[in-house]
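Heads up, the next two complexes both have subunit A, just with different partners, subunit B and then subunit C.
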Partner chain A sequence: MIFVELILQGLIQGSIYALIAVGLTLVYGLLRILHIAHAALFTLGAYLGLLITNATGSLALGFLVAMVVVGVTGIAIYRFCYHAVLDQPPHVALIASVGLFIAMEEGFRLIWGPTSISFSEPPWQTAVVVAGIQVKTADLITIPLAFLLIGGLAAIVAFTRIGLAWRATVTDPAMAGSFGIDALKVRYLNFFLGSALAAAAGVMFAILTNFVEPTMGGVPSYKALAIIVLGGLGNVRGTLIAALMLGVIESFGTIYLGWAMDRDAIAFAFLILVLMVRPQGLFVRS
Partner chain B sequence: MTRGSLLLTAGLAVLFAATASAAESVKIGMNLPQTGIGAADGKSVLTAAQIAVDEVNADGGVNGKPVELVVYDDQTSPKFSVPVATKLIEKDQVPIAISGSYSGATRAAAGVFQAAGVPYISAYAVHPDITRAGDLVFRTSFVGEVLGRAGAHLVGKQLGKKRAVVTVMKNDYGKSLARGFKEVAAKFGIEIVNEYEYSLKDRQFGPIVSKIKADNPDIIYDTGYWFVAAPLVSQLRGGGVNAPVVGQEGYDGQKFIEIAGAAADGVMITTSLDRDSTVPKIKAFMDEFEKRAGYKADMVGASAHVAVNVAVAALRKAGSLDGKAIQAALQQTKYEGVTGKIRFNEIGEAYKVVQVQVVRDGGWHHHSVITDAKLLTPPLN
Partner chain C sequence: MQYEISLAIVMGINIIFAHSLNMITGFCGQISLGHAAFYGTGAYCSALLAKAGVPIPLCMLAAMAGAGLFGLIVGFASLRVRHDFLAITTMGVGFLFIGVVRQQDFLGGEMGVFGIPGIVDDKFLFMVIVLILAALVIALAVYLKHSWLGFAFDAIAQDEDTARTVGIGVARYKLTAFVIGTALAGLAGALYAHYVKFIGIDSFGFVESVTVLSMVIVGGIGSIWGVTIVSAVLSVLPLWLQFVSDYKLLLYGLLLFFVMRFSPDGLDGLIRWIYRRIAATIGRPAVADAE
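Up next is the complex of A and B:
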């Protein structure tokens, strides 16, 4: 029984990781940039979702505003941070990204204060019993929500014109360009969707913990990196599976390996183990 | 005079006046978190410390001179507390300093102050090694082990619970509390069913909650700060774990209740500030604090208020700014303030009673007081 519970908890945690990591792997897949500042979008989504919900009483509005505003912010980050340095060596974009991440965290602190903020009426807190396990409604919603959003992303990629353009640009940018595909629009879409997913993760995290503060993106920022390497850089399905796997491994590791290592260290121990055996990650880049 | 030289003269006059008045004040150095995870506590510390300074200055200051706080941000990190300590010693040349910060930062800074011959008071940081830095380091609040022991007293003796799960926050603070709890648990008839550790950064405790549910303890003793404990307690209740939770002064403050919401109800802690106190001095402090800060007084604020007053008492008694004289005065100091009566042992540890508070009606309230002298005697080494 405890094993089932630990797996469930792991999948819940993994779903949040997946929502963050997918955006990160999308950016890498398209532009070969390690978009560290992505985690700051997670934090921004949490702040916006919480503040709007507190102000208007509508969680749906909170989610919507968070996802849209953060999506647009993602585009702005591409435009003002990465676009100009695309032809520079990769470390330039990386350093810019790290600097932006730090600046954004400090920005959150300056605007919203250094201490945490919470929901005035936390949503989705009713207790629910599922297969003998008691959880809050929020816990139950996390997994389907992640699947819905990532599934939606996959549907856009598979079934729309812009999705086709996107796939073409990832596979062969030069060829896609010669077919008249607007690379800039594809990039904007990429950043918008990835950032919106991170924002959703942020709002969900805020609901699960009722605790939003400027540095909450710190741990997800490097954990998401481990996940996208595990999943195969640029491979969305691989990232999703790696995220869920990591959630479950952390879940068991917290209880049974807690004496040996920190919960966050487990992610990296797992990464090192996998890379020793399969240097390309668990799944090959698609 | 030309306008330029008039301005220059005026400017110089102001400068001289400023330096003159600064030279006249007695400085008390402070390191506290103004940014980072401890910033909320830092605000409480600064507010309360300033209240104490204003009261002291209204009362004639120290030997006729006003007291002035020299404050720097250490972000609760030893990385910053050490340079801050050096700055206070060499640039500001403070005769005495107070830590309004957490154990990690305080421990590092204590060594620096001891080596420089400047007395240092830890307002609320609990790690035992802080006072072990030397004879110049004092602590006006509980050492971790004592607070942990008090927790065991509450759980075993007062509440009569037998099977406990201990959840430990993995840092100086959490670990020293856990040590104290485990040291005397058996004496109070407590069986520790299981122990789980978590990091300062954790906010999601799903796996731990599930495991505790399977353990089915009578009670849970937790050693975390409010920002990890509030999600933990909320998730415990959400996961159907209804065993009472006993925390400690790391929970102390309105923030814990704000974040945990209904889940905070009934949570008990071992701390130093009694919100329901009828002592006029304590009530006056709580009112003034709430007026200035905009939220209710908490343990870290109360501890800072005490630390400043103890420092001032020692400065007055010593009659000079000499480190050794202040140290000797501190050693003899007996003070009664907003956390009760306090006196020091040979290694600078404070002895005082423990206030047990409980969450009721959205606020902290009086539960009981632990006065067992032997239990609360801080270690001599």
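Up next is the complex of A and C:
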């Protein structure tokens, strides 16, 4: 029974990782930037979702506002931060991103205080028994929600004109440009969608833990970086598989490797192990 | 005076630490997001050996050897992965270091290591030792940069494949850079441990790795004087910013952001740019006179 429970917990955690990591891998696929400040967008999403739900009583509104506002913030980050340093060596964008992340975390602390806040009426807390395991409704909703959101993203990329433009730009930016695709619009879309997903992950994480604090973004986001590397940087399908895999490995690792290292180290131990065998990541687009 | 001495000690340690990373990231072009792990290795090695009664100079040598050995292992990783992959791998090494140390009771675990003996009782003398070591490290950096080894590092940093094509043993030089850089980080860590006399795992986390990387990049990657000045200034900046203590990390983050946004080559690039502007302004009338 513990196996099933560990797998379920792993998949729930993995879904959250997947929602964060998809945005990161989209940014990487398009611009070759490691977007550390993505972590702050996750936190911002959690704060907005929680505060609006508390203020209005509507969780749906919380999700919506968080995703839209964070999506727009993502566009602003691209416009004012990355756009100007695209032709610089990659570490420039990386350090700018780290600086922005630190500043944003501090901003959250100054605005909303250093202590954690929680839902006045935590949603989806009803206990349900599934296959003999007691879980909360929120646990059950996380996985389908992640699939729905990422599926929606995949549908936009696969079936819409802007999705087509996005794929063309990723494959060959110069060629796409000469066919009249507005690269800037594609990048805006990319940052909007990626950031909105991170916000959804933040709200969902807030519901699962009922605990929102300024530094909550750090660890999940560093792991998301490990995940996008495992998934083969820029590869969305690989990222999803890697995220779920890592969630499960972590929940097993905490039980069986807890004597050697803590939970957060397991993800990176696995990452290093994989990279030494397959330096290009687990799943690589040829 | 005590306060100024403390500042000088912290500056000296940070200068050594920043230069140790500059040799790997600046000279040899191998980005590292987990350099605090080697700093931590040095600190733990020296602290535990000194507590076991080993003479302190030996402890510090052992700290350098330990960190260098760890660096050699991570260096092998740099042969497998490059660029962004290397950045994430080294970040992983940092988290792995923390995660493993945290769970080991003989390393102090969550509690850290207490009662580490100092090198000398007199604080002023300790400052002199630290500053001399920092000066030696800067001298080593200058020497390396202009040595054959430094040229090879530079070639690898510029273009690894071309370097390999012209017959530079890329693997050997990368490993050398990692061993020298991480051993010096171990030295900085050992000095830190003997200075504060208490080490906890939280002092060697991702934030420290990013801080030291930002010292190198804000100074101007590969620039010796830039890194020296910026690591000295950034190590006292949080203290100078005490009057805005609540906003200091915010300012620190924004500083990193704006330097990268408006002067991607750091202080070194900024000074060169100003110098060129001045040269151009002074130069122009001279040209006009000639005509």
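As a working rule, the second predicted complex is superposed on the first by the 284 of 286 C-alpha atoms of A that agree within 3 Å, B and C clash if a C-alpha of one lies under 4 Å from a C-alpha of the other, contacts with A are read in each partner's own complex, and residues count from 1 in each chain.
Quick note on the criterion: a residue touches a chain if its C-beta (ideal position, glycine included) is under 8 Å from a C-beta of that chain, and two chains touch if they have at least 3 such contacts.
Computed from a predicted structure; not experimentally measured.
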Partner chain in contact with A:G258 - subunit B first, subunit C second, else both or neither: both
Touching partner for A:A269 - first (subunit B), second (subunit C), both, neither: second
Which of subunit B and subunit C A:I102 touches, first, second, both or neither: second
Partner chain(s) touched by A:G163 [first = subunit B, second = subunit C, both, neither]: neither
Which of subunit B and subunit C A:P173 touches, first, second, both or neither: neither
Partner chain(s) touched by A:V85 [first = subunit B, second = subunit C, both, neither]: second
Touching both subunit B and subunit C, residues of subunit A: 218, 258-259, 262-264
Footprint of subunit A on subunit C - complex, ascending: 25, 31, 77, 80-81, 83-85, 87-89, 91-93, 95-96, 98-100, 102-103, 206, 210, 213-214, 217-218, 221, 246-247, 249-250, 252-261, 264
Touching residues on subunit A, where the partner in the complex is subunit C: 28, 32, 34, 81, 84-85, 88-96, 98-107, 110, 218, 222, 225-226, 229, 233, 258-269, 271-272, 275-276, 279, 281
For the subunit B and subunit A complex, residues of the former touching the latter: 34-37, 39-40, 43, 170, 196-199, 201-204, 206-211, 213-214, 227, 230-231, 234-235, 238-240, 255, 258-261
Contacting residues of subunit A [partner subunit B, same complex]: 1-2, 5-6, 8-10, 12-13, 109, 113-116, 118, 122, 125, 127, 129, 133-136, 139, 205, 208-211, 213, 215-216, 218-219, 250-252, 254-255, 258-259, 262-264
